[in-house]
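I am attaching a structure below and will ask some questions about it afterwards.
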Amino acid sequence: VSELHKTRRELLDNVIGGTEETTTGVIRLRAMAQDGALQFPVIAVNDAMTKHLFDNRYGTGQSTLDGLIRATNILMAGKVFTVVGYGWCGRGIAMRARGAGANVIVTEVDSMRALEAVMEGFRVMPMHEAAPQSDFIVTATGDKNVIDEPHFAIMKDGCVLANSGHFNVEINIPALEALAVHKHQPRAFVDDFELPDGRRIRLLGEGRLVNLAAAEGHPAAVMDMSFANQALCAQYMFAHHATLENKVYPVPTDIDLEIARFKLEAMGIRIDALSAEQTAYLSSWQEGT
Amino acid sequence: VSELHKTRRELLDNVIGGTEETTTGVIRLRAMAQDGALQFPVIAVNDAMTKHLFDNRYGTGQSTLDGLIRATNILMAGKVFTVVGYGWCGRGIAMRARGAGANVIVTEVDSMRALEAVMEGFRVMPMHEAAPQSDFIVTATGDKNVIDEPHFAIMKDGCVLANSGHFNVEINIPALEALAVHKHQPRAFVDDFELPDGRRIRLLGEGRLVNLAAAEGHPAAVMDMSFANQALCAQYMFAHHATLENKVYPVPTDIDLEIARFKLEAMGIRIDALSAEQTAYLSSWQEGT
Amino acid sequence: VSELHKTRRELLDNVIGGTEETTTGVIRLRAMAQDGALQFPVIAVNDAMTKHLFDNRYGTGQSTLDGLIRATNILMAGKVFTVVGYGWCGRGIAMRARGAGANVIVTEVDSMRALEAVMEGFRVMPMHEAAPQSDFIVTATGDKNVIDEPHFAIMKDGCVLANSGHFNVEINIPALEALAVHKHQPRAFVDDFELPDGRRIRLLGEGRLVNLAAAEGHPAAVMDMSFANQALCAQYMFAHHATLENKVYPVPTDIDLEIARFKLEAMGIRIDALSAEQTAYLSSWQEGT
Amino acid sequence: VSELHKTRRELLDNVIGGTEETTTGVIRLRAMAQDGALQFPVIAVNDAMTKHLFDNRYGTGQSTLDGLIRATNILMAGKVFTVVGYGWCGRGIAMRARGAGANVIVTEVDSMRALEAVMEGFRVMPMHEAAPQSDFIVTATGDKNVIDEPHFAIMKDGCVLANSGHFNVEINIPALEALAVHKHQPRAFVDDFELPDGRRIRLLGEGRLVNLAAAEGHPAAVMDMSFANQALCAQYMFAHHATLENKVYPVPTDIDLEIARFKLEAMGIRIDALSAEQTAYLSSWQEGT
């Protein structure tokens, strides 16, 4: 063990920098930087537009629905489907659940995101109002216990719970285990918890990321952009680490835009370019006022 | 005149700061600041999330479609509808045109925005490919001559042109006037330009903002947030101008979030709040790894 | 008067047949036929697929939203919008209200239609549950008093009522008049009824068809198909009236399909044709089992 | 063998009637009835509204997308997705493909259906125009060779073909086999055909129903209504077969509506009922004119 320990320390001593793929990872690294606990510079790959706008939204959106349907084979049309958290992942899930015919509710703690969800035509309400009417509740908040004991107490019989956000802490599973009088597995990836009053709550993939547990994770066609960010940011870190502090840095805009250009090209899509006159107009203030 | 001139100068001398409502205004003010031409601090009200996420997207979206339908009374279902520019206004227009049954094409010069439009299921292509197949072309770019002579040459007979972006420069109207052999006004706000080959191009509202020209502009329910930003930023400027430079400043986040909270309240919508445990979890990095 | 009366009778005596454009007209003519009161054959133009699938759905859908927005200029995004009746008109209205960003509730009396609405992701509930949460309630049932006194009693302050179905009987306006302590007109086509408890209910266009009262009715691009049905059915009636009874007849399928073909052609849209082999396959039962 | 043959004949001799679940089965049975080849009465369960409006549309829609995603794990967002045939199955597939972010093209041979697809905002064109731009082509026509040799010749490299309609005849697989220079299976349910020019065409599930081949078929929540029709129609056939001819009969309306009522009840959804006054109004013609 001490050998391993030593090796790990030597490895860390030799690290010149890192890159971080996930929203929750970036949140933690920022907290570490703030506490002075970060020991090398990190580029927040997650914050690249070519990462979170696509991977988190379209990748998580599709693969979460995929996971839910593979695990349960329940018809989405006409179901009440609650998305907990309206960040980029939550938006993707809400969009795809609606696209599959569900009636979508959003719960949020951030007033700006809540307002956007309302304007998109989703119902927005606190979880204690959403829980009793939901057929599906899917978490994507990056926080813990967003579905908790008081919610289990009021859920509909047969409600399906899944997590597409962060580890397996978003749903308070120990509390659900403690409440249940009986537990069995009717299908792979589905745990059926029977409560004392006879209601059953179905937890998918043990509360772990349902798109990884019950489906295949993100399609290659969104991971390609995430990995391009990883590769180009690693290269950038190698070239620039000497001048960087032990902080969390954003992905350089040039890298982000280059990946977007390559992606469009790979899809066979061409776009317009600004003429010299148009570029000048945008940066001027003498004309047009 | 010299009196007026003097008064204007005195007024400017007494200005302690400003606030700016529009995307294009902010672009110009930033250009002025960069040229050292800005004579007082300005808060970019347009950049508040409670402004551009709502006013530009949902307000412009609805009111642009309203303007098009009032001016033409054409059935949107089944029409090919090209949106030029996929910023917040363009997104709103694209979303509402699709919601009205149109088949939407997006043209862009920015690869990131183009990629988002593709992922939303819109067709993305250069204007010279979009022009020949469009029944409607609506501009929202903030730039000039984005519809120009080469495009007029290849448009479908009866194509309707409108602008929802910026002044009346987005469509090259002088070029259209020069090409036309005949011009008449079949309905209010519709100018019908007949080209030498017999095709007719219909320009709405003289290329001015079609939601103002042919409809009533944004609904009160989005302007309320924009005006709340104006009021609270004016108050902020009055209190803090002494410490601000002659630059363009963002809306303080506190103001932005407060407006979102008030708006939800006014709509009768309640949301969840983070528990102390959840707040702690988000800012920690020791748990959950 | 007696002269006019006589003329009307002479006219009716000379009628060889009729055609009927509306759903409610056809319902009444069928009732007349059943009572032996129908004095000449009628073709139910409304029942042509090229009529009700398009005019009622896309025409009423667009023009109803147009009427609501012209009358009120209220932002649809985020509003709770109840559609009363999920026939072809109701479907069109629900589809376009959703497309404008509203959260749509459907009320119905027919279980099949209610089930379809559920599967389309709309909320379905009785009117007494929908009324207290609706910002807009729009009727399209062809029946009377579908919004009645008990519903006025529980509506939200500011609720907007409109009719897109049938005459001005779908909303019980006399009952609303009787309840109101004050009535004024804040905008054209909007009557504001103040109830004793201070709530205000806004009735558009005096409860008459809101797309005719406050907008321009259906766009030409759907009426063309309805009128083509009228013209070709009048021609058919002229040619065949001698062999027809005093009943309500459907539009001949040939006429219906011919209009669809012409319409596609007019829109510049080409489609595939069955090969001889494919036609044979469809009518055979020996192959492929 | 002759024993088995005899048993089969005896079984057929004792059949008092049948029920048929599928669109293509009903087409064949009608052809048999027309040829005098049908030996007992059949109820077309497929034609029940509670069957085809739900099973074919929402069931096939969801499970087809499920099959495509399980087989390929390709991101649907931004893909060009062609649906061949806009019957109830095709509508469901088109709706769900759009809901998953794809840009949907419809091909049809029926002008009425083609026109509806246009009005829903889909692009409609002949297959020879759709083939070169499609990432996915899915058949749902009930006919043979709707994707054939001329289409293989012009498809994009990597185009994915699947069938959700009828047996394995909708795609001309023998022709594809004959064209290919190389064939391999990169994933389960995916056959990759390499053409002489290097393009690869991917056929899912050997051209059999992709929702059965690569996914789990329809969810229970739509099959329940189909099976309720089967059960109640079998009971009806048992009670009435003596009075029925060797023809194809529709599902009795009472059975259809009863199933819709039960389904709503099972989903916990209540709806309004007509008052006596409203019922009277609908069947009268004296009032309201």
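Each chain gets a letter, A, B, C and D, in the order it is written, and its residues are counted from 1.
Operating definition for what follows: contacts are C-beta pairs under 8 Å (C-beta built on N, C-alpha and C of every residue); 3 or more make two chains touch, one makes a residue touch a chain.
All values derive from a computational prediction rather than experimental measurement.
Q: Which chains lie in contact with each of chain C and chain D?
A: A, B
Q: Which chain's C-alpha centroid is most distant from that of chain D?
A: Between chain D and the rest, the longest centre separation is with B.
Q: Count the touching C-beta pairs: is A-D or A-B ahead?
A: More C-beta contacts join the chains of A-B.
Q: Using mean CA coordinates as chain centres, what's the gap between chain A and chain C in Å?
A: Taking the mean C-alpha position of each chain, the two centres sit 43 Å apart.
Q: Can you give the whole-Å distance between the Cα centres of chain A and chain D?
A: 35
Q: Which integer distance in Å separates the CA centroid of chain A from that of chain B?
A: About 29 Å separates the centre of chain A from that of chain B.
Q: Could you say which residues in chain C touch two or more other chains, in rising order?
A: Correct list: 58, 77-78, 98, 101, 118-119, 267.
Q: Can you tell me which positions in chain C touch chain B when the two form their complex?
A: 58-59, 61-62, 66, 69-70, 73-78, 95-96, 98-101, 216, 218-222, 267
Q: How about chain D: which of its residues touch chain C in the complex?
A: Checking each residue of chain D against chain C gives 27-29, 31-32, 35, 37, 49-50, 53-54, 57-58, 107-109, 111-112, 114-116, 118-119, 124-127, 142-146, 166-167, 169, 256-257, 260-261, 263-264, 267, 269-275, 277-278, 281-285, 287-289.
Q: Could you please specify the touching residues of chain B with respect to chain D in the complex?
A: Residues 77-78, 98, 101-104, 118-123 of chain B touch chain D in their complex.
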